[in-house]
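Chain nomenclature is as follows: A, B, C, D, E, F, G, H, I, J, K and L, assigned in order of appearance, with residue numbering initiated at 1 for each chain independently.
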Amino acid sequence: MHSVLVINGPNLNLLGTREPDIYGTTTLAELDQMCVAWGEELDLTVSTFQSNHEGMLIDRIQQAAGETEGFVINAGALTHYSYALYDALVAVGVPTVEVHISNIHGREDWRSISVIQPACLAQLSGEGLEGYRRALQVLSGAG
Amino acid sequence: MHSVLVINGPNLNLLGTREPDIYGTTTLAELDQMCVAWGEELDLTVSTFQSNHEGMLIDRIQQAAGETEGFVINAGALTHYSYALYDALVAVGVPTVEVHISNIHGREDWRSISVIQPACLAQLSGEGLEGYRRALQVLSGAG
Amino acid sequence: MHSVLVINGPNLNLLGTREPDIYGTTTLAELDQMCVAWGEELDLTVSTFQSNHEGMLIDRIQQAAGETEGFVINAGALTHYSYALYDALVAVGVPTVEVHISNIHGREDWRSISVIQPACLAQLSGEGLEGYRRALQVLSGAG
Amino acid sequence: MHSVLVINGPNLNLLGTREPDIYGTTTLAELDQMCVAWGEELDLTVSTFQSNHEGMLIDRIQQAAGETEGFVINAGALTHYSYALYDALVAVGVPTVEVHISNIHGREDWRSISVIQPACLAQLSGEGLEGYRRALQVLSGAG
Amino acid sequence: MHSVLVINGPNLNLLGTREPDIYGTTTLAELDQMCVAWGEELDLTVSTFQSNHEGMLIDRIQQAAGETEGFVINAGALTHYSYALYDALVAVGVPTVEVHISNIHGREDWRSISVIQPACLAQLSGEGLEGYRRALQVLSGAG
Amino acid sequence: MHSVLVINGPNLNLLGTREPDIYGTTTLAELDQMCVAWGEELDLTVSTFQSNHEGMLIDRIQQAAGETEGFVINAGALTHYSYALYDALVAVGVPTVEVHISNIHGREDWRSISVIQPACLAQLSGEGLEGYRRALQVLSGAG
Amino acid sequence: MHSVLVINGPNLNLLGTREPDIYGTTTLAELDQMCVAWGEELDLTVSTFQSNHEGMLIDRIQQAAGETEGFVINAGALTHYSYALYDALVAVGVPTVEVHISNIHGREDWRSISVIQPACLAQLSGEGLEGYRRALQVLSGAG
Amino acid sequence: MHSVLVINGPNLNLLGTREPDIYGTTTLAELDQMCVAWGEELDLTVSTFQSNHEGMLIDRIQQAAGETEGFVINAGALTHYSYALYDALVAVGVPTVEVHISNIHGREDWRSISVIQPACLAQLSGEGLEGYRRALQVLSGAG
Amino acid sequence: MHSVLVINGPNLNLLGTREPDIYGTTTLAELDQMCVAWGEELDLTVSTFQSNHEGMLIDRIQQAAGETEGFVINAGALTHYSYALYDALVAVGVPTVEVHISNIHGREDWRSISVIQPACLAQLSGEGLEGYRRALQVLSGAG
Amino acid sequence: MHSVLVINGPNLNLLGTREPDIYGTTTLAELDQMCVAWGEELDLTVSTFQSNHEGMLIDRIQQAAGETEGFVINAGALTHYSYALYDALVAVGVPTVEVHISNIHGREDWRSISVIQPACLAQLSGEGLEGYRRALQVLSGAG
Amino acid sequence: MHSVLVINGPNLNLLGTREPDIYGTTTLAELDQMCVAWGEELDLTVSTFQSNHEGMLIDRIQQAAGETEGFVINAGALTHYSYALYDALVAVGVPTVEVHISNIHGREDWRSISVIQPACLAQLSGEGLEGYRRALQVLSGAG
Amino acid sequence: MHSVLVINGPNLNLLGTREPDIYGTTTLAELDQMCVAWGEELDLTVSTFQSNHEGMLIDRIQQAAGETEGFVINAGALTHYSYALYDALVAVGVPTVEVHISNIHGREDWRSISVIQPACLAQLSGEGLEGYRRALQVLSGAG
């Protein structure tokens, strides 16, 4: 595996500026740079994408299918109801690791269910931004 | 009835290129042409639309209300949670037939529930692309 | 497709004489004649059958399997619990369209579930007697 | 125990002619003969009955109560909702073994629940026609 | 009100001969005579009907609609799943009182739900055969 | 049976003055007089009681146990959650008929469940004030 | 609107003296005075009432119907099961705003359901005593 | 701990006079005396209170908070739905032991759930009146 | 508080032109003007926004966070499943009042649940367009 | 089939010494001897095993797979939650008959569900120790 | 009562060394000594047992039945699913008090259900190690 | 991180010899060797353990806590009900990755729920034995 797309969903563009007690103070731009750097250590070319629009996330997943060999996805709250995202991941068949910054099993009930999980080869939850690095490692080992 | 809009939702633009064991090898462009041809046999002017964006599907449904007399809709995975699509169909009041290529009653549990069904006059499921032709026939008889 | 059997279940023999606000004033005999006439327009030979007995409906479905190429069925309240009817439809494998005069999705909860739906290629609901005509059209296009 | 009645419910008269991948190619007439022969080996006089009518099955169960000492019953889809059959079996108190040709625990959800099970001393499921022979053995040992 | 039909469903023909600890030792023929006698005290002409067949019960309810002014019904186990019986009672609109010999609220869970109750003006449960007499009184007061 | 207490629960003191489309225009005082008069026709001495307080209803039920031979009770909304009322009725063991002016099976979901029903020998629902008269008849026949 | 009754239910008389981390240190007497003062700013005559008795709350609601034009109600734990309070509010038809000091959607599950909500024109939750002032504003604007 | 209040809820004033097979023949007055005597053995001053009124129980709990150091409570059927009682116990913070004479886990489903349990330090069930003595022992050991 | 953004979700652009029996005949443009005017009376600068796109609503909420001090939101059908909208409201922390024109507690089941409610300080439902004015009042009092 | 292992789970070593009203007075040692004797009549070599340890039962099932041709298993309470036992039975693929001494469908709710049933070819319940003999007969007929 | 066995289940051997914020710093050895000492004050001979194995706990319970007159049990997480432990307690019939160090009603949902509770005469929860002392007191009073 | 323990639960000792279509043909001994080899590539000392006994797994987890810095666990069917395993993992606090050879989200319902997941930092499912290697990588990156 050589190339990975890191996908962030709704409200993750606010990272570092809102609710720092839950999500920390690192911004999305900084997280994107960290992912690129972590990728280099693993010989992976990492690109990044964020949108608050379910449709744009699906468009990007479809387009990336021919360009990239792995996905790291934090779908934000869409994780919990977007069967359309699930269908997109299944359709393109790119190996995907699901990441959540906070532990989705320790908050509201609806956060503990991920409808995209069956399309992913691993779910990492509650490790903070470190989870993104581990997700890249998992994909790195999949080649 | 003279004019019908065939609406396809998320991931149906991948038709023919992905998961052919479930969805077959006909592309969306070919399906659109088939719908136009089937329409001609029934004296219907058929136009087509596809989007991965819930909002664009709603915009198009609202805009089409003054232009077209019937809808055939395959809302993809939005079928299962988009109450906003349901509201749009009810609001414009255009006769609508719901189509699913695969049998939504024989797959995952969540696929067997359609939240837009109460806004539709018929649901056709599991007949492959043939379902679109039948949907046009049902609308053709509604004039 | 040349021949279709229109099957009506329990209490539909009261059509036109009871609860006209829900079911209208057309009698079953008149509906049967309408179905025959609609069939002629579609080059279909239509025969009809009604019974209040689940067992007789199953007997008739089995017997008709060798004689007819399509079923239109309004199973009345058996729609909601007769897995035996479902089994009969699956066993004989005759293309079937399910019809309901009123909208079963807008009345009591138990009416919104059809246990025979997975054995049918379309469900038409809430279009009044017009639903029978559309069901014949759907079958007509299936040949 | 000297006499046993083998009772088959809705759609089992189609045995051997429909869905052979699930139910095999032996006809009901042949199954009935096999049951009689198996009975002879066990010193049991076996008679048989089939109906698609819940009411006729109940009538026969009541009538047989004075004539026969055991029941083998495959109630078909009535297994899953006919509390009236259950009441009939409890009322007459004849030792009964429930048989299903296919494994009812490995198909649709509704097939995994038998409402007549509490009235039976054993449930045999998924052994094909062999299940009828075993049911006769169980009854044979009950005398 | 002058005439009442007392309707008994599946397995009530066994009354007095089976499970006397629950249902007593009075036979159905004796109960029918008692109902006729109780009717005379209330100036009601009482006729009676019993069947193990759901379809025959529906047929009789429909036929009686023009002949009789009230129903007393003990639908046996059909009470708990026959929406077709419910539809028949609603369709004919004859005032109906539902009777159960044993207390259906103190046995198995499924016995505590009556799907025909919403079509009845009273439910009497757990008073033994006395419930039939009270049901006639309730109807007698309805004229 | 010679004496009956008619018990009305919360908000029934507003009868005749509020929501006449559901509850009619007869006041509680008038209903009480009607109950007394109906009682006289049936040789019953009828007394009446109303309270908005669950505790006072229980006190009255306990006190009446030694004085009266039957209860007619419309517990208002307490019907749906007051297990304490249920316990009181069971404890004193006085024959009780439950009445509801409107059909509790045709309104909000929570109104369709009566927690006091298992303590009553009949439930009458949806017959307006007439239900009180029938309840007295049922009790009259119980002596 | 000129007059408003502020109604507090069970245990709110303990305000300010118990569980100050949840409910603060202001007493009910002080809250009542604050409500009167806030009312003066809005040209509303505010009176207040508290009881631990469901029946007394219903009595007061009924009595106030002719005297006052709006209710602010904090029904305490009765919020979650008193259908009798709900019926009282619907019966008198006085515009009502529901208030909760703490956020009922962020505590035990049973606190997140209000059975009186459908009878209220607004629900304010989690704003502390400030919620009472806002409730008065909402009513003030309703005249 | 020096003083304990024993609180009995709805219908427990009937103790000894009703349903002796479940609740025994000891009266409430005798039970109260027994509690006082058991208290003396444990150096506890025991006082007692009973009411059929939820509101009065709450009033008494609030008032007793300053006077007594422990509660033994048998809330009768209020156990199963009175969140207001629960709130009162939590608000006053007096150590409380919950008692039930019969085993609430072996009767109707609704009796097996106690909404006040989370406010109590122990629940004793099914030991008859002996449970009150044990409850006093538990409190005696809490000082 | 000086500035408020009024946000309308999917299909509210059809206001006044569709389903006037439910939503009235005022258009969205007129409602926007009314909100501006009501704001002036309360010394609030009101701006407005509508979109059928979940993503655009989230974008706008995030952007408005630095510009405006309060939100009035009618999220249309997104109310019932958009956890992403909920997350956006929580993330920006702007005081928000939720409005629904019709009473969402008196229509289909799915309309009675608002997933954004826990992020709002009040929910106003069923008051027609008047609800927007009240929402502005609630916010006006929050400064 | 020549050899069968009879497996008894937790607490069945107490057989005959505890709860004789439910389980009888025969000890496990006696039952084991009876099983051996019944086996001899059927030309089966019967061995027996009992443990209170889930792990030991699994170890024994795995070890027996190469030695024995059939299992009779009464898994005691493990029947209701041990998916590990289920997995063991499926993994070794030895024909298995499930036995319960008492009728598991007539006791607590949790006893009516057997998680190992789908791995068994028959379930015998409520026939006392006789059930073990019948289980051996069923296996005897399977060779 | 003279002798009591204190039984601790899985992971309680870690007491005092892990998660001290929940379980405190006292070790199991110290707790065992405390129980022996508390027993002496109550004239009880206390022995103790701990195991991480469900089967060993059952073995010990069975063996202790002839030796000891009471059990104090903290079954750890087995509390929530071990019906085999429940069966063991019921089978031996030794008076048992269930203890939990933390309040099982205030943590994860699955901790709030105890499947062994119906076999115990009291449940003490959330009192820390003090709960063991109270459990001994309850048993001491049972002699 | 230097040392990792790979833990396999019930029936995984059968790996490679049973159900090869689901679990493959590699034996547990071979898998253990593969894990050791993969560990060497990652500078991890890997040890392995398997048991069919829940209690032994818990014992081993507790003992390993002082010796090893990470766990890879495939708990077999215990995954779905062993809260005791969950408690053990939480108690020792060793970083843990959960592995399943087959996709637990695509088989029976009960397999899709893991009660130990909240104690794990990642769940890998459906990647065959490859999942163990990835789990080691995830732990390797955690140091």
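The rule is short, and it goes like this: a contact is a pair of C-beta atoms (placed from the backbone, for glycine too) under 8 Å apart; a residue touches a chain by one contact, two chains touch by 3 or more.
Since this is a predicted model, take the numbers as computed values, not measurements.
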Under the touch definition above, the chains in contact with both subunit B and subunit H are none
Taking shared numbers over all numbers used, above half giving same and below half different, the subunit J and subunit L interface sides are different
Between subunit B and subunit E the C-alpha superposition rotation, given in steps of 5 degrees, amounts to 120
Rounded to the nearest Å, the gap between Cα centres of subunit I and subunit L is 50
Here the gap between subunit F and subunit J, centre to centre from mean Cα coordinates and rounded to Å, is 55
Here the gap between subunit E and subunit J, centre to centre from mean Cα coordinates and rounded to Å, is 46
Cα centre of subunit E to Cα centre of subunit L, whole Å, reads 62
Check: subunit B positions touching at least 2 other chains come out as 53-56, 81
Listing every touching pair of chains gives A-B, A-I, A-L, B-C, B-I, C-D, C-E, D-E, D-J, E-F, F-G, F-H, G-H, G-I, H-K, J-K, J-L, K-L
Subunit A partner, complex, touching residues on subunit I are 53-56, 58-59, 62, 81-84, 86-88, 90-93, 115
As the complex stands, subunit F meets subunit E at residues 103, 105-106, 117-118, 121-127, 130, 133-134, 137-138, 140-142
Given the complex, residues on subunit G that touch subunit H span 9-11, 13-14, 18-19, 51-56, 76-78, 80-81, 110
